[in-house]
Amino acid sequence: MSLPRLTTHEMAARLAADIPDGAYVNLGIGMPVIVANHVPAGRQVIYHSENGILGVGRSPEPGEDHDPDLINAAKDPVTLIEGGCYFDTAESFAMMRGGHLDLAVLGAFQVSATGDLANWATHDATYPPAVGGAMDLAVGARTVYVLMRHTTKDGTPKLLETCDLPLTGTACVSRVYTDLGVFEIDRDNASAHVIERFAGVSAHALQSVTGFKLVE
Amino acid sequence: MIDKFWPDMAAAVADIPDGASVMIGGFGSSGIPFALIDAVCAAGPRHLTVISNNTGSGETGVSALLREGLVDKVVCSYPRSRGSVWFERLYQTNAIELELVPQGTLAERMRAAGAGLGGFFTPTGYGTALADGKETRMIDGRGHVLESPLAADYALLSAYKADPWGNLVYNTAARNFNPVMATAARCAVVEVGDRVALGTLDPEAVVSPGLFIDRVVVREQP
Amino acid sequence: MIDKFWPDMAAAVADIPDGASVMIGGFGSSGIPFALIDAVCAAGPRHLTVISNNTGSGETGVSALLREGLVDKVVCSYPRSRGSVWFERLYQTNAIELELVPQGTLAERMRAAGAGLGGFFTPTGYGTALADGKETRMIDGRGHVLESPLAADYALLSAYKADPWGNLVYNTAARNFNPVMATAARCAVVEVGDRVALGTLDPEAVVSPGLFIDRVVVREQP
Amino acid sequence: MSLPRLTTHEMAARLAADIPDGAYVNLGIGMPVIVANHVPAGRQVIYHSENGILGVGRSPEPGEDHDPDLINAAKDPVTLIEGGCYFDTAESFAMMRGGHLDLAVLGAFQVSATGDLANWATHDATYPPAVGGAMDLAVGARTVYVLMRHTTKDGTPKLLETCDLPLTGTACVSRVYTDLGVFEIDRDNASAHVIERFAGVSAHALQSVTGFKLVE
């Protein structure tokens, strides 16, 4: 069964639509970073980068002069917007852990029915594990949204009763934005409320690729 | 007059002994003390424990120390980067020990050491494999992990400008781990782009006050 | 556009309810939010817990809140100063509760709250009356006291300049407790000498990034 | 028996002679502050003030323009020397507690034979207790020297087997400079080595006003 799926940019745009004006936001490495390109015009969002930047701006244009020290968490060159500032890692993580960011948008391998998040380690023991700031964002941001494909490439659900990959944090995810819909995690009932099913995705088809109970 | 400047990189790292613990500032390629690391490679102390957010990329930075076989253990949050081939090679052959620490916990453990604290409870990592074997506690209904202070014998740091007392300012995102490592090392050695006269730095904008800094060396301009 | 400035002091403190906990910046007479305190006195919320390094002097600052009978409890390191007559009067008649905290522990408890930590072990106060009843632990052969994070409903702060996003810089020693309190309060209200345009403050020299700040009011020049 | 005693300034000068060049030093409120006026010429000492100053300079002259925000721990107006800087209280006490100050010079009510310090509270319950930064300096400075008169006004020893006033810290004092001599605390033997007896003070007279054993 082939489902109509949103593209990466469509997924990012759907999530971006839910970011409130004036929010302080950390966008995780990978797909979440793209969200910044899709925030509706007129909304002012201040982006935090774990390496010590508040007010991350656009990437420099090819050929544009830029400061080689000025990189984001993905180690890509960025700029600083007016009103932005710099600080050290200890203060940066105090912001993250201390509940001062309104929102973190993270990628994920798996999310459980109670909002557990697995996004840092696979079962491959020969490949070095790397955690970075993911665990701090998971526990520290006021709200954690996950942006990920609904299933793995081979069709296995990534929304599961229980994560079987190593956890990043427990009971930390509020919402999941996938290529099939938007889901509000209901921790107490170990299920999720379907906020939106995208066009052409039936309730039945959606449930069949989801590892826990969905409530419409 | 107090003057913490040293004439060259080699002299400033010459006393790092075998078995020393060494913090190395930087995040990705930003704020890395490349010249000090090269000097350590040339001096060649062995069995080092390196404490750094990343494990270097390509042949420079922390990668160079790994390639030279000087490092027994890495304490790190993100050893996997584009081009972190030397670390991956050693890791896959069990030729190096890895202590993986969440990045915020890594920075906060350094701060605890620098601030004279005996440890702290953090919610970060609770319920995950990185809390295995650690003391935990419920505080206000939330799980926390007890983390210990992390000090080092030396810190190798990079900054933008220093005055003779070792007061430092940084450039943009090159600040990262450098200031907190300066507080946590028994001997903080810094390479800087410029030496400036005492009184030149704005006292409101000094990021690392000189009392945290032991040795400063001017990096040669490429 | 984000603009955290409020039109006047009265509006910025009007929602402080009875029973609120309120941090108040300053050390001695330096960095005290005198105008915000006056506005709180005029609004008159009762049964406040005030968290501040000192208890004011003469008739202004924290002293004014004490004189007006608005404060049930003070959390403080040094309530005794030249002219701290209102505190002494209340204390001697048992009309106010005092929680005495070593100054470094007071600041660090605020930092723990602001940084999302569940508590920390400090050697400060170990073996003294200020550790009575607290959990203690030997760490590396040294006695430590477990201290808990200290948050507040509001912080009343004083700074030198702010931009519309609430980025702050301070003047000389008026910085003191203001930045750490900004991190530890659910609502941080700041009086400033000047409003400056966005982009005016040096991004390397911002002391309190705006994400810690909720409301800013320009203080009228005397 | 009346002993020849040093004046306050003589005591401060004696202690100042032992401060090494290039030291980072915190001088406590009261008598210790005077030490700064007596550091030998040619020695550079950087003074820390708990309220967030490194590089405290002289007091402004009467009538001289000065910044009313720029005060020291005693709340007196001061200046900043070239090379000095400002920071907040949390960082200031990180410096103090973290062992970054070479020396703290503190006043005291009592010092015990094992280096316990009592300098913050009396037995008067009606007077509000105040501790400030004393406990942090006691545990945090690399070296703690006490500068105090040898006895109270009524002649009671202030160097005692055990302090009977509330403690500031335990086993924290290295040396005591009084108006009669200089004493190195020997914690392990609960005694003190007499580094110096001032002119006209006999060993017997000194021991008679001291509450624990002195070793010459």
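Think of it as A, B, C and D in the order they're written, each chain with its own count starting at 1.
Convention: a contact is a pair of C-beta atoms (placed from the backbone, for glycine too) under 8 Å apart; a residue touches a chain by one contact, two chains touch by 3 or more.
Since the structure is predicted, the reported quantities are computational estimates derived from the model, not experimental observations.
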item	value
Chains contacting each of chain B and chain D, listed by label	C
Distance from chain D to chain A - Cα centre to Cα centre, in angstrom	54
Euclidean distance of C-alpha centroids - chain A vs chain C, Å	35
Interchain centroid distance [CA atoms averaged], chain A/chain B, Å	29
Chain B residues counted as touching two or more neighbouring chains	108, 111, 115-117, 122-123, 170-172, 203-204, 207
Chain D: positions in contact with at least two other chains	80, 86-87, 93, 96-97, 139-140
Overall pattern in which the protein chains touch one another (line/ring/star/complete/other)	other
Chains touching one another, given as label pairs in label order	A-B, A-C, B-C, B-D, C-D
Residues on chain D engaged by chain B in the complex (per definition of touch)	22, 24, 44, 46, 48, 54-55, 80, 82-87, 93-101, 139-140
Residue numbers on chain C that touch chain D, as the complex places them	27-31, 53, 77-82, 84, 87-88, 91-92, 98, 100-105, 107-108, 110-111, 122-130, 143, 170-180, 207
Interfacial residue positions of chain C with respect to chain A in the complex	1-2, 111, 113-117, 163-165, 167, 183, 198-199, 201, 203-204, 206, 209-212
Chain C-touching residues of chain D, taken from the complex the two chains share	49-53, 67-72, 75, 80, 86-90, 92-93, 96-97, 116, 121, 126-136, 139-140, 166-170
Complex contact set, residues of chain B against chain C	108, 112, 115-123, 137, 139-140, 142, 144, 169-172, 202-205, 207
